[in-house]
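Consider the two complexes below, in which subunit A is the common component and subunit B and subunit C are the respective partners.
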Partner chain A sequence: MSQPKQPQQVLQLKKPQYALGYWQKVSLSIWLIALVILPFADIEIVNFDPFLELTRMVNGLVTPDFFATEYLLQAIMQTVNFAIIGVCLGLVLGAPLALIYQHPLVSSCCAFLRAIHEIFWALLFLQVFGLSPLTGILAISIPFAATFARVFHDIINQSSDSPLEIIDRRADIISRFTYGKIAQVMPQLINYTRYRFECALRSSAVLGFIGMPTLGFYMETAFRQGNYSEGAALLIIFIALIGTIRYWCPPKLLGVYLVIACVTLVDIPKVDSSLLVRFITQDILPPAIANAATLAEVQWSSLMTWFSALLSEQAIPGAIATITLALLALAATHFISLSTHMIASKHLWPAPLTWLGQFILLVGRSVPEYILAFIFLMLLGPSMLPAIVALAIHNGCVIAYLAVKQSNAIAPQQIQISKLNQFNYHIMPTIYPSMMALLFYRFEIIVRETAVFGILGIMTLGFYIDSSFSEIRYSNALVLITCTALLNVAIDIISRRLLKFEQTSQTSC
Partner chain B sequence: MKTLTKLLTLCALTLSLFVGANTNAATFTFTAIPDADESQLRTRFEKVALYLSEQLGIEVKYVPVKSYSAAVTAFRNNQVQLAWFGGLSGVQARRLVPGSQAIAQGYEDQFFKSYFIAHYSTGLELSDSFPAITDKTFTFGSKGSTSGRLMPQYYIEQHLKQKPQQAFKRVGFSGDHNRTIVQVQSGTYQVGAVNYKVWDSALAAGKIDTNKVKVIWQSPTYPDYQWTIRADVEANFGVGFADKVQAALLNMNSPELLKSFPRSAFIKAENKDFQPVEDVAKQIGLID
Partner chain C sequence: MLTLANLNLHYDKTAGANTRNKISEKDSSTQVIFDLSLTINEGEKVAIIGPSGAGKSSLLHHIYQELTTRAALCSQRQGLVDNLSIYHNIFMGALARHHWLFNLVNLIRPFKQDLHDIAALCQQLELDQPLAKKVDQLSGGQRQRVALARALYQQQAIFIGDEPFSALDPLMTSRLLDTVLARHNSVIMVLHDRALAMSAFDRVIALDKGRLILDSQQQSIDQAQITALYQTSAIA
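Take a look at the complex of A and B:
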């Protein structure tokens, strides 16, 4: 330290040198990586006169038209139905898997299933079940089941073993497990399930973008076609729906809602098993294999050309764009979550202001990224920037929302320091590790969510997958989806290796 | 644990509901995505369904879909037996369902065209020759659109001798003709390709500021939208059913119904009318 010595210093204490702490290193490296890749990323700002369209958007927002959408009640109901049935089915499939999740095969299968975005699941099931509610429900429940398996496993693992010792040794294994292990983590499991229900509502709405009869169906059309008053009304309804979950869907009523959901679900058309057979034996096979009569006739060279062209022209450029976008979004999310956590913390502001902060968090995490990116596309032009901003706002608000829940529970220290110091030197250090854990957990989700922007035209893997579906080349789509999933699994493994902290998976979404 | 058990039971019940649910097989189902206004889709097309049901004497249902590829999937899977397809999606659908027939097209669809539009900052003006748009930023409409993607891409490749990705500084897919107009008008993209009918009606509705965006080129004409019906309707709904549907479509003359598409009238069409579309799609590699 080259600071000049102060003459009046009474104690001859050297100014202590602190090594960078673990979290400082991690935070710095996030930003360093972002800075390094920034010059290679496409973040050009193009806007000549966005104001004509922005004025129309703002006009729409202040004059929401709640009567413009046909079958609005049905859409709200189906959004809820898909979410409830999807979560329940996810629980049924996922909870048992949590018990055997320690097996590497199970955990990697789950990571693979989780890595595929609901939209892609839905696009795949669409080929087999058509526009049936089954498509939407399965698209939600499969990735949700894989997530439940992992998180429930983590929660059960973190529970204490001591209750087991009190239970009579003659008790059977199921009772011992139920009362010794599950009983103590039950509140956590229920809490997490409740949180996932909120996520399911969002997923359910997003599935509307590709044709499920949920709120997203009308929301996407309204925004795409410039009917902003209708779009604003749908957004308001959706945000209100998510913001009031705890009032209209307490866990006790979940069963009742499930029954209602099953009764009011749109009709499920007959499942035609020949479609499944056709999908597996023809659609998803590469053209070289599907066109050949026998295995001997398969032209392996043309198969190789097909595969290598697909890899070099679509999968690799797509994967690079996906990773670039995700890493930049990670840094931006870090920034947004820190700043939005601050505006909603009760340790800094009086109560009414924190309500405002909470409201901002609610809006930020409820508005689908697709819609956010859509708005920023008008403002910033067609680069990666709108997607980065949209991802950062959405994920930053989710992290801040969860972090505020934790930090508001921290008791302030009873010493005379200013609120700002209290926040900076007591609250933040306490909350920061779990915030960072959340951030890295969200990274997996950010990578998944880049898919959605592909549909908006940003050249991530999602873009190429969407193109394959629209060109009816399911074999290409399947290869690309597999690449996406493998990429996610790889990222998951790497981030776990690099960051050897317990992932508090209270919180994935 | 009790809640969990309850949940399990209810989920099992849910699953059991899935089995055996069935819809009436004798319902004739169709889908349609209009090229312009997609608001109030069901309300408008349920009127068309009612009309068809009166004409055909059977129950007719309308299924709303979100994209051309979803319409093709529904048609292929026999979830809909009749569909109002774009040029390209019709070709894709008929390739996937052998024997299916194009039976009617809009009057305007015999000589459809695309407009290339440009932001004023490019300085491009309307001309008869293909405009100098190399190295500009360019947006198509939806990926599966004939007038917003297939034909424009074909003419670009014809004139610039390059794939769009190489010819332009940036290529986008706005997803919709209206978006294309908005994005070029705001300068997000410099040039775009748009369905001429959507442009004309947006212009008439006063949604376009012609100081900001103007038409710089119009493409030669090509066939576009058409009604396509599955081959197996004859087996399921009686001999001569396809002809009955065709007659009902050709006789549809209520302006209110036609406005939903929007077309002035429907005329006869057959598969070979759309051969040019198929050739172009093969040439630019959209179908094998």
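Take a look at the complex of A and C:
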């Protein structure tokens, strides 16, 4: 009976199926996750009158006062000094490690060192060296060395092997390696170092927020006291400093600057070795161990209670807040990077407009997240909202900046379509995958930065670390810093497993 | 000098190069050379011809592996270092002759003697470019001559070349081929130009689909046979 029906069924067109593409799924899930966790996040505006504060800030911004800061020149000099010496020391330590980075022990050590933010390093060294330049330099150079090791290793690994195959096998390993590999990747290594120098300047400025005598110190003071004209001036100087690196610090002059930096560095006070010994043998140990004279006297039960209390009351809530904030920031960063890329794309706008867009990107990526978060906190009060906005603006602008560089290099299709169609059908599909790769790469950085925001009063891991330090409970701080580092390492590993696309390690900061 | 008996080679699709030709995973590798037996004597000038995909490059790289300490290779993948100058790329041929410290200093400041030698070599190869020019600014033919110069500068007794003249015009090809033949005791070269192979080399061997088809040492070869070889391959 069903026979006659069949031809009809064949004729009837099946409803066309169109499955979601890979990147559509990925983008959708970022936003779904953000929507799901949004109700649990604390994003209310606490400040009762943000507009009053905003008008005062804008007023300050249009009337910058460049002469209000007393030690402005010294502040700029110290900011640059820490960055230069920090990067050079990082290079000296990190470059040799790059050659043995394939060893699991080296790579996991580096991952751990890298996962601890410069500010946490500085907080640690602050207890030992005080406000000595050593604190600032070491805080920059240790995580930077670990990053140099990994990125240099990646760059060398990704380079072509064909020159090595041609070189006579009897040539010694040093000659083969320098001619076949190092010479090949030298421009990339120099480029990356230059980029890291920019990052070091940002870190150096941010170290001012915990008391180092850099630009950040004066910036924080100015903003906290409501001297917005002075604060705006410092911010403008800082953005100009980063925007003009290539003019005042070409790679050839780096050696000269290093010498100048070493000469003009404020005096390093003598390190009190007894303090160092005390810190290592007493202060950073948990009370249960520090109070015990021998191993036998250690009260294991009290040690366990201390540890589990620390974990359940501080580490875990802090970690949850950190992850929540980071995931929300990821979605917001996605939005900002798409929209700012559009603003600055030469495929959509005439040249003068794209310059404006480029300028916005420069400002957005020059100001460290930490300083942005600080400013938004003054505006909106202590909640997750200022942190999300700050992370989204900075990281979104970094991603958009790199994406614009890439998309502007694409030749438009030779067909007659409008600019908007060209943009949506040719430019975006071409660069979207690498934009997403950058976004996920920045996620690691977002998590790292989120933890630090705790110092500003947001209840992430950094909040508990900062309180431990101010309560002089170094043992607690050390455990929490370790937890933070492990969280970062874990997220790094998971995201690498989940997303098996080419990681562009060139953009880590 | 070299004897190959019943050689079987596999091309590893996953890796770019066919240096490790072990019969490991059948899925990821295809066989490119089948039961090939060949003896090459000291002093011979051998040309390898055959249609594309016949396995010539695989065979040549295998021969280079066997002779690696005595031979200079001029590969199709030139392996030039784009960021180095013409001078440094050619000097790479001489790395084994010097101490590493000498090589490092030379990277920063070229030595007069080598500068002189390499300038002379470039002149012979009709490469009239400043030695300090980076090789990424060169044309295809110029790059090929830099790769050739580097192989010559290894100053080995045996030259192994994989179409080292493919980007050059016929006249320059025959001039440079004369230079290569004169500077080396033995030469093993994959060539595209069948007529040149027949005229300039002592011995011509032909490969097809991974098998040795013709060997001028065993039988006399004429033009017709070679033409037939390329035609059957084109049909199949």
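Just so we're on the same page, the second predicted complex is superposed on the first by the 477 of 509 C-alpha atoms of A that agree within 3 Å, B and C clash if a C-alpha of one lies under 4 Å from a C-alpha of the other, contacts with A are read in each partner's own complex, and residues count from 1 in each chain.
Keep this in mind: a residue touches a chain if its C-beta (ideal position, glycine included) is under 8 Å from a C-beta of that chain, and two chains touch if they have at least 3 such contacts.
On a predicted model such as this, the values are computed, not experimentally measured, just so you know.
In the three-chain model built by superposing on subunit A, subunit B fits alongside subunit C with no clash.
After overlaying the two complexes on the shared chain, residue contacts for A:Met186 are found with subunit B and with subunit C alike. In the superposition on chain A, A:Val259 makes contact with subunit B only, not with subunit C. By the touch criterion defined above, A:Thr178 reaches both subunit B and subunit C. In the superposition on chain A, A:Leu498 contacts neither subunit B nor subunit C.
Touched residues of subunit A were counted for both subunit B and subunit C, and B has more of them. Of the two partner chains placed by superposition, only subunit C is touched by A:Pro163; subunit B is not.
Measuring from the middle, so to speak, at the Cα centre of subunit A, the directions to subunit B and subunit C differ by 150 degrees in steps of 10.
In the superposition on chain A, contact of A:Ile45 is made with neither subunit B nor subunit C. Of the two partner chains, subunit B is the only one that A:Leu456 touches; subunit C does not reach it. Between subunit B and subunit C the least C-alpha distance in the superposed model amounts to 6 Å.
Residues 178, 183, 186 of subunit A touch subunit B in one complex and subunit C in the other. Within the complex formed with subunit C, the subunit A residues making contact are 160-176, 178-180, 183-187. In the complex of the two chains, the subunit C residues touching subunit A come out as 17, 19, 68-69, 72-73, 75, 77-84, 88, 91-93, 95-96, 98-100, 103-104, 107, 147, 150-151, 154. Partner subunit B is touched in their complex by these residues of subunit A: 46-50, 52-53, 68, 70-71, 85, 88-89, 91-92, 95, 126-127, 130-131, 134, 178, 182-183, 186, 190, 209-211, 213, 217, 220-222, 224-227, 230, 251-252, 254-255, 258-259, 262, 267-270, 272, 275, 287, 377-378, 381-382, 455-457, 466-467, 469-472.
The touching residues of subunit B, when paired with subunit A in their complex, are 1, 3-4, 6-8, 10-15, 17-18, 21-23, 37-43, 63-70, 72-74, 77-79, 92, 96, 119, 121, 137, 139, 142-144, 170, 172-176, 178-179, 182-183, 185-189, 207, 209, 212, 286-288.
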